[in-house]
C-alpha cells in the first residue's frame, strides 16, 4: 500500500534485465477455454513516477504480468510438478503449497505434485527422505497449521545431485519457496538444467519473514508476523508503564532490514524508539540513543524500545561465525544495549526497571492470517501458471500493485532495506516521536 | 497487492481530470526542515500497462503523490483543523483520527484540532452537539477501541449551515472521513466555500468497509473486516460439515460490490459458492445455483455458501425504500435463497440441514488489526500534509502502491465493483471450485 | 469457581439417589500398576454448607469420585469402546473424542474405539452411515477444529435398533456426548440393555453450550462460547455508542437458562441490561424494561441490551412448534422487543438508532480455548475410566470442584437455571447497573 | 474444575485456624435492602471427601462464605477504601481494581477509593508518589488494558510508615492485591494496626500468575496466561516438526510450582515432556530426560519440551542471589538442558535442530480473557463486601467452588504445588505420553 522499492535500482533497470527466460515454444492449449488470459506483452511498467518517464531517451522497462497463459509449454496430464520449501518457516507456507496443488490438479489436471522433504536435502539420496505425493485431499486442511508440512532445512546441496534427482523423478518444473539464498541455489540449478539442455522449469516464490527482497512489495507471512510482533510490543508497554522508570525492550526479527520493527511500531502506538540495521545510530553522546532515552524517561516515566535483531551491529564485535545458510551469526546487540542502558541510567540517578522480551519464533510459526492466506493463494496459483507456460528462472514478484515475473538475477543481489531518507521512515519517526539519532562514528 | 481498478475508467482519464485544486499560493515554510518533501510534479502514473503507453498520441495521466510539501498554505500556529466521521463505522476510524491529531500537533503545531460530533449533524446548531477538542493526550489510547469516538450519523445536512459553522469555528481545513455519499457532500461544501471565496480546505479520507471506491486499492478497515468475515465462514463450515447434507449460508456486508465476500472466501478454503452483486446468476435451471449446490451435496455431503448482502438483488423485488443515507434498502435475497434451497432439496430428496449465519456488525465494529492500523496512520498523516499545503477537493487515494491525491469528481460517481471477467474473480472461482453460473434471464 | 447448583435439589438428595449402577464384579487389574487409583468409597460430599451438616439426623450424601479404578470390569484388549455425539455442536467435542481415544488406546490398550456417525442415526441401519474407526493417528489433530468429526444429528431413534447395533458391533461400553435429551435416550438404552441382560455400559458426557445441566458446574465449551459472546457484545457497544441514542441489542444462546448471557455480560462491562428466561420482567410500566431503558438513554445517550434467546418467552405467543430434538421452537422475543423499543422511544421523543446483532452459531462452532481443551481432556479420560470399571448409567459431573459420577436420573429432569435470588444474579446486576425489573403480570 | 488443594494441609486444619478476625461490632445496615445476604455462620466445609467426615471425633472445619453482609462495620459515606497492587503484573488486575471501585461506589456509596501508586512504595513519603483518586468514570475502560493502572513494585517497605500513611489518608480498609510476599506484608501491617488499636481493615486478593497459593483453586489471570502459554507451545511444535530431529523447548513461568506448564501442556496436545519444579527428574541415565527424549526423536522425528522456569533447579547451582521481592534468582536450567541435549544427541548421532522459545512477559501482560474478567469481578466485589463488614486479616479464597474468607496465616507459609502423586499429574502424563522419569540422585 506504500512503495518501499529502491528508486535507484529501478532507475538502473534496462528492458534486457526484465526479460524472463522461456523453456521453448508453448504448444498446447490451456484447459481453461474461457477466462482472462494474460498476454506476455501486457507488461507492467516498473518506474511509474513522472521523472521516470520524463527523459525522452529513456526506454520504459516492463515486467511480464503474471497470470494464466493461453498456450502452455507442458502438456498437463503428463507433467509432474515439484515443490520444495527451504530456510526458516514463515506464516503461510502451507497456504502456498495448498494453492500450488489445487491449481495444478483442479485447473490443469497435472499428473502429480511431488513434495520434496526438508528443503534441498530432500533431493539428496544420502539424506534418505522420501518424496511426498501431494494430492488435493492430502493438502485440504494444511493451511490451518503454521510451518511447512514438507519440513525445511538450511544450507546448500550439490547442484548436480539435485538436477539428477529432478530428472529421476521426471519433474516438469519445480517451485522453490525460499529466500534470497534459495533463489541463488535455484539460479545455479537452472544453469545446470540449461547446461544439460533439459526441458525443466525453475519457478521461485519469495519467502522471507523479513520482507527484504526487491521487487516484492510485501513477502507472504510478513503481515501475520507484524500482527504477532505488535502483540509482543503491547506487552512491553504494559510492563514498562507498570513500573517507575520502566523500560520495555523488544527484540524482533530482521537481520539486515528493519521492516518488521518499523511496521509493528507504526501499528502499535506505544513504541518510543525503533532501532533498525539501516540506521547507524550512536548510543552515547548528545542525540544518541541513551541521551534520548534518558530525556524520555525523565519526561514520561517509562519507555518502549524495539530493536531489530540486526540493529546496532555496527556497535558490536563481529562474531565471525555463520549459520548453515551462510548468514553471519549476529552479535548480541540487545544484550549490549541493556547493559549500557543500565549503566547510563545508574549514572544518571534513574532507578529503572528493564524488561526484555524476545518473542523469537512466536512471530513466524503461527498460521497465516486471512490477508496472507489470500496472498499465498495468488502466489501458488501464479507460480503454476508460470511453470505450465514454460517460464523459468523467475520469481513471482509484486510491483506497483501487480503480480509480475521477475528474472532471478534481479533479486539475488542485495537485500531490500528500509530507506532512512524516505517518507516511509519519516512516518515511523512521526509515529514514535523518535528524533533522528546522532550517527555512530560521526 | 493485486490491482482491482477499473481498466476502462483509467483509459478514459485525461490530465485535466487528475488536477487537484489548490487554495492559493503556498507561502509558509514547513516546520520540518529536513526530510523527504514531495514535489507536486512528482506524479504517479495511473495507467501502467504496456498498452496504456503504446499509443504515441495518448498523454500519460499522473496523480499528485501524497506527502509533506515544502511550502504550506496555512500558517500552522494559527490554523484549526476539523475532523468529522460520517456513515457506518469501520475498523480503524479512531486510528485515522489519532493520526490526524498527532501529525497536526506534533509535526505542524497547529492551534487546535476540532472533532465534530455525530457526522454532519455536528455542524448543525439545532442538533446541539458540542465540538470536542482533540488533544494528543485525549486521543492517545483511542485506537484500542472500535468505532469512532466522535460518533457518526447518516444523511445530508444543509450545506450553508455547515459552511456557516466552519466559518464560525474558524476552521482552516476539514478532514471528512466517509464514503461516496460523504464525498458528494464534501464536494457540495467545497462548492459553497468557493462561492463564498473562503480560504478553507476540504480533504477526504475514503471510508467504506465494502472497499467500493475507485482509486483506492483497499479502503482502511477492509482487511480487518475480512479477517472477521473469515471467522464467520469457518463456523459455517463447522456447522455444515457436522450434519448430513449440512449447508452453511453466510451473509456478509457488500451492498453493491462483493469484495468482502470474495476476499474472505479466498482466505478461508471451505467456501463452495460466492454470490456477489456483480454476478447476475440464475438460481434455477442447469448451471444455476441450486443445480450446482445439489451436485455438490451429492458428491461431498455438505456445502458452504457466502452471499454478499447485495448479491441476488436481480432476483428479489425492489423494496422501494431508502435508508437515511439515501441507499436503497435491499431485498432479502438470503431469505429467498434459503427458501428456494429448502424447496429444491426437498424435491430432490435431500434431507438438508441449513444453518444461516449473519455476522452483520461484528465484522465492522472491531478495532483495526495492525495492517489497518499502519495504513490508517498513513491516511491521517497524508490528509494533514495535503490540507496544510492548501490542497482541496481531494481524496487521499492509493493507486499502483502509492498514496496519491485524487480529485473528488473522480470518485463520487459509480462504485468500484468486482470485475467478473477479471483474473481476480477467476482466482475466487479457482479457490472455491465454483463454476461460472448460468446467468439469470439468459 | 462459583457455585451455581440448586440448593433445594441438593437438600432433597438421599444416598440412594447418588448410587451408581455397576455392571458386575470388577475382575481384572488395571494396567497402570503405579498411580493414584480412586476408591469407590472415596466419595465427594454434595451439600457442603454448614446447615447441610447441622441436622444430626440427616445422612450426608456423597457422589463417587471419578477416576481410575484398581479393578476393571472389562478386559482391555478384548473391549471395544463406542463414541457418539448428539445434538448441536459445542466447542471441544473433538477434544473429548480425542481424549477418549488416547486414554482407551494408550492407557488401557483396548481393541478398538468406534465412532458412530451423525448421532443416534449412526446406529440405525436404514441411515446407512458407516462406523468410523478412531485410532490415535486418526484423531491426533482433530482438536484443532470446531464441531465434531463424527457429525451429529437431533432427535430420538428406536432404542431396540440402537441396542441391536451395539450388540452387532460388539461394544463393551458406549460414551454418549450430548445434552439432557441425549441422556434421556441413554437411560432408555440402558434400560433395554438391562432387560436383555447384556454386559454393556452406558457412560455420558454432558454437552450443552447453555450450561443448563445439574451437577455440572460448567459444561465444556461454555467458557469458549462466553468468550465469543463477549466479542459480539463489544461490537454492540461500539455500534451503540457511535450513534446518538444508539442501542445495541445482542441475542445470545440460552433457551431455558441465561448463563451465557449472564456470564458474558459480567465479562464485558458495557452491558446495561441482561434479559434471561429466568427473569419474568415486565416490558411496560414503571420499572419495566422500556422505562429503565429510556432513563438510561436520557442519562448516558446509549445502551447495550443482551437477551438470551429464551428470554421474554412469557411475553410472546407460544409457537406451538417443536424442533427435531423435541424442544419447543421459541417465539421471536427479540423481534418483539425491537418493535416495542422503537414504539416506546418514538413516543418518548428519542430518535434512537437500534442495531441488532445475532452471532448465533458463531459462538458455538469455534475450536475450544485452552481452558475448555484441558477440561475436555479430563472428561474423556474419566469417561473411559468409568466405563472400563463397569460403571454404567452415569454422567461425568463436577460438583464442589471435583469430578464425580452422577446417576442419570438426577440429570434428566429439570434444567439447571440461573437463580434470580442468588448472589450470582446480584453480581450480574451489580456489574450491569441493571435494577431488578418490575415483573410481568405483577 | 478439579481440586488441586493439598489434602494433608486440609487434614491438619482446626476450626480455630479458619476463624477470620472482625474489627468490631457491625452496627450499620447494608444499603442494599433486598438481596441474598450471606450469614457468617453459613460456612463452607473444607474437607469434603468421605474420609474427612468418617472420624466421629473430628470436628468439621468451615470457612466463612464470602459475600455481602446484612450489617456493616463501616458507615459507607464516611469510609475511604484504598487499593494497592504489588509484585509482578498478571492479567486482570485492572478488572479487580475496576470492580472494587464500582462496588464501593455504586453498591455502598463510599466517600472515596484511593489508588496507591507503585505498590507499597506508594505509602512511603520519600518515594513521592501521589495517591490517585479512583472514580467510576476514571476506571470505566481500564479493563481493556493489561497490567495495572496503579503501577507496581517489589519488595518490603517500613510497616510503621505504611500505617502512618493509612492513618493520614483516613483509610477505612485497604485491599492488597498481591502474592504470598504481599500477604506477609499485609499480616505485618495488620499487626501494627492492631497494636495501635486502629479501626482499620486489611483485605487481600491473591495475585500470582503461577497459581501457587493455598485455598485458591485458580488465581486470577492464570487462565489467560495459560492461553498465551499454549500459543507459544504451538509455535514450538511447528518449529520442531518442520526440521529433521527438530526439538522445541519452551520456558514458561512457574518458579516453585509447575501449574502453568502442566495446564498449558494438557491444553496443547503436542507436548512430549513437561519439566516442573515438583518433579526431581534425572537428566542422564536410563529413564532420565535425555534417554526418553532420544527414544522419542528416534521414533517420531521431533519433540516438544516444556519447562517451568523453576524446573530442574535441583540440577543447577544455587545462584545465591535474590530479587527485590526476596525470591531467589533461579539458575539457568533451560540453558543447561539445551547444552546437555546437544551433547547427548551429538554423541547419539542425532543431528538435531533445537529451537528455544521464552515467551516471558508475553504470557502475563495481556488483558484478561472473559473467564478471568468475570472472576476478577467477583474478587473485587467480595473484597469490598468483606471490608465493609469489618472483616480483616483475610484473603478472598476459593475452595470447593465457593468463594470464602481465608485467614492470612493459612496462606503465608508454603506455596501450593503440583502433587506429583495425584491424578492431576497423572492426567498430564497421560496427555503428553511422558513416562515417570527416573529421579535425580536416585
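Every chain is named by a letter (A, B, C and D) in the order it is written, and numbering of its residues begins at 1.
Note that a contact is a pair of C-beta atoms (placed from the backbone, for glycine too) under 8 Å apart; a residue touches a chain by one contact, two chains touch by 3 or more.
Everything numeric here is computed off the predicted structure, so don't read it as measured data.
Looking at subunit B and subunit D, the chains in contact with each of them are A, C. Using the average of C-alpha coordinates as each chain's centre, A ends up farthest from subunit C. Note on interfaces C-D and B-C: more C-beta pairs are in contact across C-D.
The mean-CA centres of subunit A and subunit C are about 47 angstrom from one another, to the nearest whole unit. Subunit D has its Cα centroid 29 Å from the Cα centroid of subunit C. Here the CA centre of subunit B is 42 Å from the CA centre of subunit C.
Shown for subunit D are the residues in touch with two or more other chains, namely 145. By the touch criterion stated above, subunit D contacts subunit A in their complex at residues 89, 118, 121, 129, 145-148, 151-153, 231-232, 234-236, 238-239, 241-244, 355-362, 365-366. Subunit B meets subunit A in the complex at residues 1-3, 34-36, 38, 41-45, 48-51, 53, 60, 62, 65, 67-68, 98, 102-103, 106-107, 140, 143, 217-218, 223, 226-227, 230, 263-264, 266-269, 369-371, 373-375, 377-378, 381, 398-403, 421-423, 426-427, 430-431, 433, 436.
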